[in-house]
Amino acid sequence: MAKILIINGPNLNLLGKRQPEIYGTTTLDQINELCIEEAKKHSLDATFAQSNDEAEIIDLVQSAPGKYNGIVINAAGYTHTSVALMDALLACNLPIVEVHLSNIYKREEFRHKSYVSRAASGIICGFGAESYRLAVAAISNLIKK
Amino acid sequence: MAKILIINGPNLNLLGKRQPEIYGTTTLDQINELCIEEAKKHSLDATFAQSNDEAEIIDLVQSAPGKYNGIVINAAGYTHTSVALMDALLACNLPIVEVHLSNIYKREEFRHKSYVSRAASGIICGFGAESYRLAVAAISNLIKK
Amino acid sequence: MAKILIINGPNLNLLGKRQPEIYGTTTLDQINELCIEEAKKHSLDATFAQSNDEAEIIDLVQSAPGKYNGIVINAAGYTHTSVALMDALLACNLPIVEVHLSNIYKREEFRHKSYVSRAASGIICGFGAESYRLAVAAISNLIKK
Amino acid sequence: MAKILIINGPNLNLLGKRQPEIYGTTTLDQINELCIEEAKKHSLDATFAQSNDEAEIIDLVQSAPGKYNGIVINAAGYTHTSVALMDALLACNLPIVEVHLSNIYKREEFRHKSYVSRAASGIICGFGAESYRLAVAAISNLIKK
Amino acid sequence: MAKILIINGPNLNLLGKRQPEIYGTTTLDQINELCIEEAKKHSLDATFAQSNDEAEIIDLVQSAPGKYNGIVINAAGYTHTSVALMDALLACNLPIVEVHLSNIYKREEFRHKSYVSRAASGIICGFGAESYRLAVAAISNLIKK
Amino acid sequence: MAKILIINGPNLNLLGKRQPEIYGTTTLDQINELCIEEAKKHSLDATFAQSNDEAEIIDLVQSAPGKYNGIVINAAGYTHTSVALMDALLACNLPIVEVHLSNIYKREEFRHKSYVSRAASGIICGFGAESYRLAVAAISNLIKK
Amino acid sequence: MAKILIINGPNLNLLGKRQPEIYGTTTLDQINELCIEEAKKHSLDATFAQSNDEAEIIDLVQSAPGKYNGIVINAAGYTHTSVALMDALLACNLPIVEVHLSNIYKREEFRHKSYVSRAASGIICGFGAESYRLAVAAISNLIKK
Amino acid sequence: MAKILIINGPNLNLLGKRQPEIYGTTTLDQINELCIEEAKKHSLDATFAQSNDEAEIIDLVQSAPGKYNGIVINAAGYTHTSVALMDALLACNLPIVEVHLSNIYKREEFRHKSYVSRAASGIICGFGAESYRLAVAAISNLIKK
Amino acid sequence: MAKILIINGPNLNLLGKRQPEIYGTTTLDQINELCIEEAKKHSLDATFAQSNDEAEIIDLVQSAPGKYNGIVINAAGYTHTSVALMDALLACNLPIVEVHLSNIYKREEFRHKSYVSRAASGIICGFGAESYRLAVAAISNLIKK
Amino acid sequence: MAKILIINGPNLNLLGKRQPEIYGTTTLDQINELCIEEAKKHSLDATFAQSNDEAEIIDLVQSAPGKYNGIVINAAGYTHTSVALMDALLACNLPIVEVHLSNIYKREEFRHKSYVSRAASGIICGFGAESYRLAVAAISNLIKK
Amino acid sequence: MAKILIINGPNLNLLGKRQPEIYGTTTLDQINELCIEEAKKHSLDATFAQSNDEAEIIDLVQSAPGKYNGIVINAAGYTHTSVALMDALLACNLPIVEVHLSNIYKREEFRHKSYVSRAASGIICGFGAESYRLAVAAISNLIKK
Amino acid sequence: MAKILIINGPNLNLLGKRQPEIYGTTTLDQINELCIEEAKKHSLDATFAQSNDEAEIIDLVQSAPGKYNGIVINAAGYTHTSVALMDALLACNLPIVEVHLSNIYKREEFRHKSYVSRAASGIICGFGAESYRLAVAAISNLIKK
């Protein structure tokens, strides 16, 4: 059974608790469940992680090859600033799906630049929690290829 | 039964026939079938259209309200240059999903700017033909909300 | 009796039907009547046209010399993107008045650049449907000179 | 009877005396008369002012509410450089029409940026002295609303 | 006998009729004859087309493979704005020669950027109608290789 | 007893009278009293001035050395545009505190550049009328050093 | 008794030990005492923290609501680079005061951009250790409102 | 006997009194004497003026034609910011010499842009008080032509 | 018999010897022969020169008037950097054809700016050695006019 | 015996394991040995460290003074983004050598900006593992001075 | 008797022979005489040089110290492009006066940047041949100091 | 025995004679000796050259293949401006090491761009004369590979 790692970056632990006008009312735990449910449909085993720490996220990415068959990543604030994370993603030979809850291209100018996009196969953004479900479907398809 | 309109912009009629190294080998007809199949899963009736003509695409978008419940659009080259298309999309009160076969953020600088993104709810790009299947799933979810 | 051509660009056929918070509630037909009424005051014969098609608008401009004594144009989305339209306007030796319903300089950055302004004698924007009435008065004055 | 204030910025006192190739041969006094005449048609009482002094112009704008029902302003050189004037215009709750004799978008790059446009309802430019007549008609319409 | 398609973009139908100070006095028909004459010297069969319509030009380009052995294109205003046309040119596997009557690098800044140049083998500009004759010679040479 | 000069730039005379959503409801007179009160706590004698006139403000700054021991300045619109004021501030050898009612870095892009900041010891902004009280405390501290 | 959290970013632990020409000779411990002293005057209970770790600072900010009534933050180097920290600050519904020892607008260009300013109510910079005392006074005032 | 007007902008009244490291120790009065002396050598009658007020300087320039045969101007801070002053200079048909004490191209970036240079015949900068003597010689030569 | 000067800039002496993937396998001597052959067809006497030295090339250009009737120039690396060469070309009243072997608009960004284009009548690039043959044809045509 | 600290940033632990086409096949352990060997030649005691964590690297730099006589640093992805690391390097009074395996100026644009370069004495890049050996030689020389 | 070196850059040997609308009708020989005449008035011995060769000009500058007491330089096209010349000027400890015939700030944008200005004491431009006479006067004054 | 060519660009002949605060007190002759000494350690035969002439340096580079096994180059001012030199370096198939005495990334903005870096294998800068010794060691290593 193929395994996927779903990585969530800084402040996503607050999901559903603050700023619902931007990020919706679903919590990260609910997204976790939604992902596991969707993963099962695709016969995938999903592991869910969240960290506010750039280095921890890099470590997660570095350790993925061998353990996982694909990565779904919402790098949140680090999306726009972390060359180090991009380098880690580029170095792991796994399919990568970038995901965002909001449509980052409708927000502030500095959120339009994504270092993660340079390393990801594809991008899904703007559908709220549903973005994750689509990302799981997408990574499943990439792994099968 | 909800209805969706899937709009394809300039040169997408060539899909699967030229430049497979960028766009893959699947033809637009095959994507059409794939979309109809996926749409059925979501109890959606999908109509597929392609045009090389900016005005024709604008007309399609303008006529959608009342006839369709949502739009999936791959505006291809017009994505990056058409304010007129963006205005048409902004004026129709339907959920809109932007879709691209390739990851436009890995390509030339001028493909990183999308006028369609300013009007779309969400964006899916980089998964080849699979991008469309995900887009149908996404629009289905948006329509249900 | 002098004749003027009033050209309306993409999406202006939707006027009064969608996004009234930006474009007001007057329909294009009502603006047409308003223009004819104003034209009469200035002993002008006004012809009204609308198209979503860049090429059609270029054709209209190209065919104006000989038939019309002046052009009033609201190029809408093509204002900001069409070098081809600008070239057509520059090539016809008629007085040209650029008109916009909204104050484009209060809107998104990309609407601040107008190729039409490079070809027009003067510009009137921000007065809603009234912009057209002023434009007819302005073209009348230019024709008399 | 509604009252309007027509403000003219630096160097406009030279109108008709120097550089007629850019600004025409009409003097500011003649424009004044033309404005009063036009104002009468709209049952408006027009007051005409000119100053080379940014602070004096700001004072004029600040004192307008209560005395006038609308402002027509050709801020000339201060159009492009005065945040202070823009702030004064934003602070007065009157309809404002920006006017220019020449088409500023056909001139030097630095004349394409207008701080006044951020505070004005609408803009009229490029029609020479006629720009003022149109502006009086426009402000009349704004006041009636 | 090899065949070439010579495509002319928006407003080129006006050649020799307006703005001779920029584009010369030769008409498009005369250029057509000149091209046919030059083509014969190179044993080429030249087909001449003009359109103001971006989509029509894209259609022409798309239909060229199989029918023609090379394309000469003066995209006029679309040169600087059409990603869709560039994509069509990139997708057809024919030799392409970009041609302009005027030296676009001596004109306005926005005419210095050419999307067509990214798809063309070579560029010839600034020689008036003679540019076309040289382009026919050039495409002949490219076809022979 | 040390003396300080508190300078207020253009439109600040309108404080509390217009646009309370940006600048609050406190009037400049109330801020004056608040400053005098705070100054007393620090054994300072505060003089309060307001002008819409760039030159008058420059004169105030030029005349300060010898009469005052420090300057608190809210240059309002001139903050972003006046090199002349910056030069005057640089030329007077007094401690200078820049103050703003609103957080200028949350407002329009052009308000993020401050010429006054290049001449001031420190900056206090975003606290409404309280910004002034803090500025008086700050200048008191600078004078004591 | 209201409580405030004073957060200090990377390298501020070195204060008073290195580069006194930029940051002064006061140590962070002395600033801590100074803050506690000032907090007492305002009946505030101040907690002082320093970290070189972006994630630790984000954690501190995330955990503040419920425990503290306001935040004073000198994010040092992260001020200019951390979107993640900005997002954390935006997500906590507490008053926030940004503080800097030096006048960052007199230093290198890249220090003029502050992500923290987009989340803070107000900013105080350039007064050395005194900046903190003013910040405590400012946050006290914000909490009372 | 030809007459020249020597205009000095904001803060130049402080010359020789403050910041001698940038502007030298010569006072404006001394420069005045130096100019009169130099003017005599060229049989010119020199009038010397200084103002901190942009409008006053514009008035001086506007009133020069008829009274003076040439203008020497050191616009100081207004050099870089005043379109209004530039317009006044462009409107007077006199020879104009721009002068600066310091080499403005060795100073801050924003001092490298001069609106005055667009209106002046020639520029002399960087020679301290001597710049003025050279400027008087230069204007003398221009007047003779 | 009209005479033309064909100037080749730095590193073109290496043609056909190094980097054939960019510049082809034809040597400069072969291009020389090709040019002489083509020149004969047009009854032109062609002189061929190559230099790595900017000054030598400027000298060649300066000495051309009187001796030659036209210049064909491939300035290679100096194309993008030499204002001095552009000034020399502008000062000689001869027809000038700019030529490049490769399509410089498909290469690095800094090769898209050509100072030579500002002085040349027309430009031919991207056809390898054939570019020269076309350039000889083009200069012949320009000389005849 | 002088001591040096060799710091390696994020993802360098993967050296020799992934992306050998960019970073070569040498592992970080092998580079460690190579450094120790080279250090011995210069009578230096080398300590080797690697971390993916920005804060850990800052801590390492902060603790170096007193323990080490010089720092060799390859900050990898943090090179281009970390103001905090630059501040730490600037605050320690040790000689610093910046090192990179690849020639960062031949790679993506965003890798051309190095915050580390603003704090380092010198830079060595592009020689693969050999870059480190040269860096040890360089730091040895700097320490001796 | 003090000695000065007057250096003239590329194409200045053509002065008075071509493009008189920009550079006037005076030849370089006449300027030479004019300089010698002016130099005598100031008891200076002037040596005049012209070269189209960047390296020759650098050599001239390098050899000046010891032989000359000051340099007057019109670097023409190299003004805007030669870092090497700027470095040579910075390295010689002589007073330097930059001179131009035309007002370079009224010409093309790329002529507004001068590397020579970074090394010169002062600048004189826009007075035609008279610029040189003023420059000789200026260098004389600098040498005396 | 392998041979290397060490090329020194403009003004480096002045080393040790002028501006020691930037370039140190070592002369170029001393650096030459230092290089020969270092080369011997690596069994290399080093040839040392200096020229102020861009073309001479290009000639040196062009003639290197066949005679030398590697190039060490300090192009000084030409580093930042010479596309022609870069093209010469790219065309020779030898290992190239770029060297600078100073850390160019700590100096003026325009020195941060190096055309040489695009052609060099690696870069060494900021170590004064020692930079050369390291460069010789580096080229030795590159030649051995």
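Structural remarks
For reference, chains read A, B, C, D, E, F, G, H, I, J, K and L in written order, and residue numbers begin at 1 within each chain.
In this text, a residue touches a chain if its C-beta (ideal position, glycine included) is under 8 Å from a C-beta of that chain, and two chains touch if they have at least 3 such contacts.
Not measured: the values here are computed from a predicted model.
Where the sister copies chain E and chain I meet, the same residue numbers recur on both sides for over half of the interface positions. In terms of residue-numbered contacts, B-E and G-J present the same interface, as over half of their contact pairs agree; the other options in G-J, E-I or C-D do not. Put simply, the C-alpha centre of chain B and that of chain C have 31 angstrom between them. Mean C-alpha positions place chain C and chain H at a centre distance of 47 Å. Each of residues 53-55, 81 in chain A touches at least two other chains. You'll find the chains touch as A-B, A-G, A-J, B-C, B-E, C-D, C-E, D-F, D-H, E-I, F-G, F-H, G-J, H-K, I-K, I-L, J-L, K-L. Those residues of chain B whose C-beta lies close enough to touch chain A in the complex are 103, 105-106, 112, 114, 117-118, 120-127, 130-131, 133-134, 137-138, 141-142. Put simply, chain A touches chain G in their complex at residues 9-11, 13-14, 18-19, 51-56, 76-81, 110-111.
For chain K in complex with chain L, the residues that touch the partner chain are 53-55, 58-59, 62, 81-88, 90-93.
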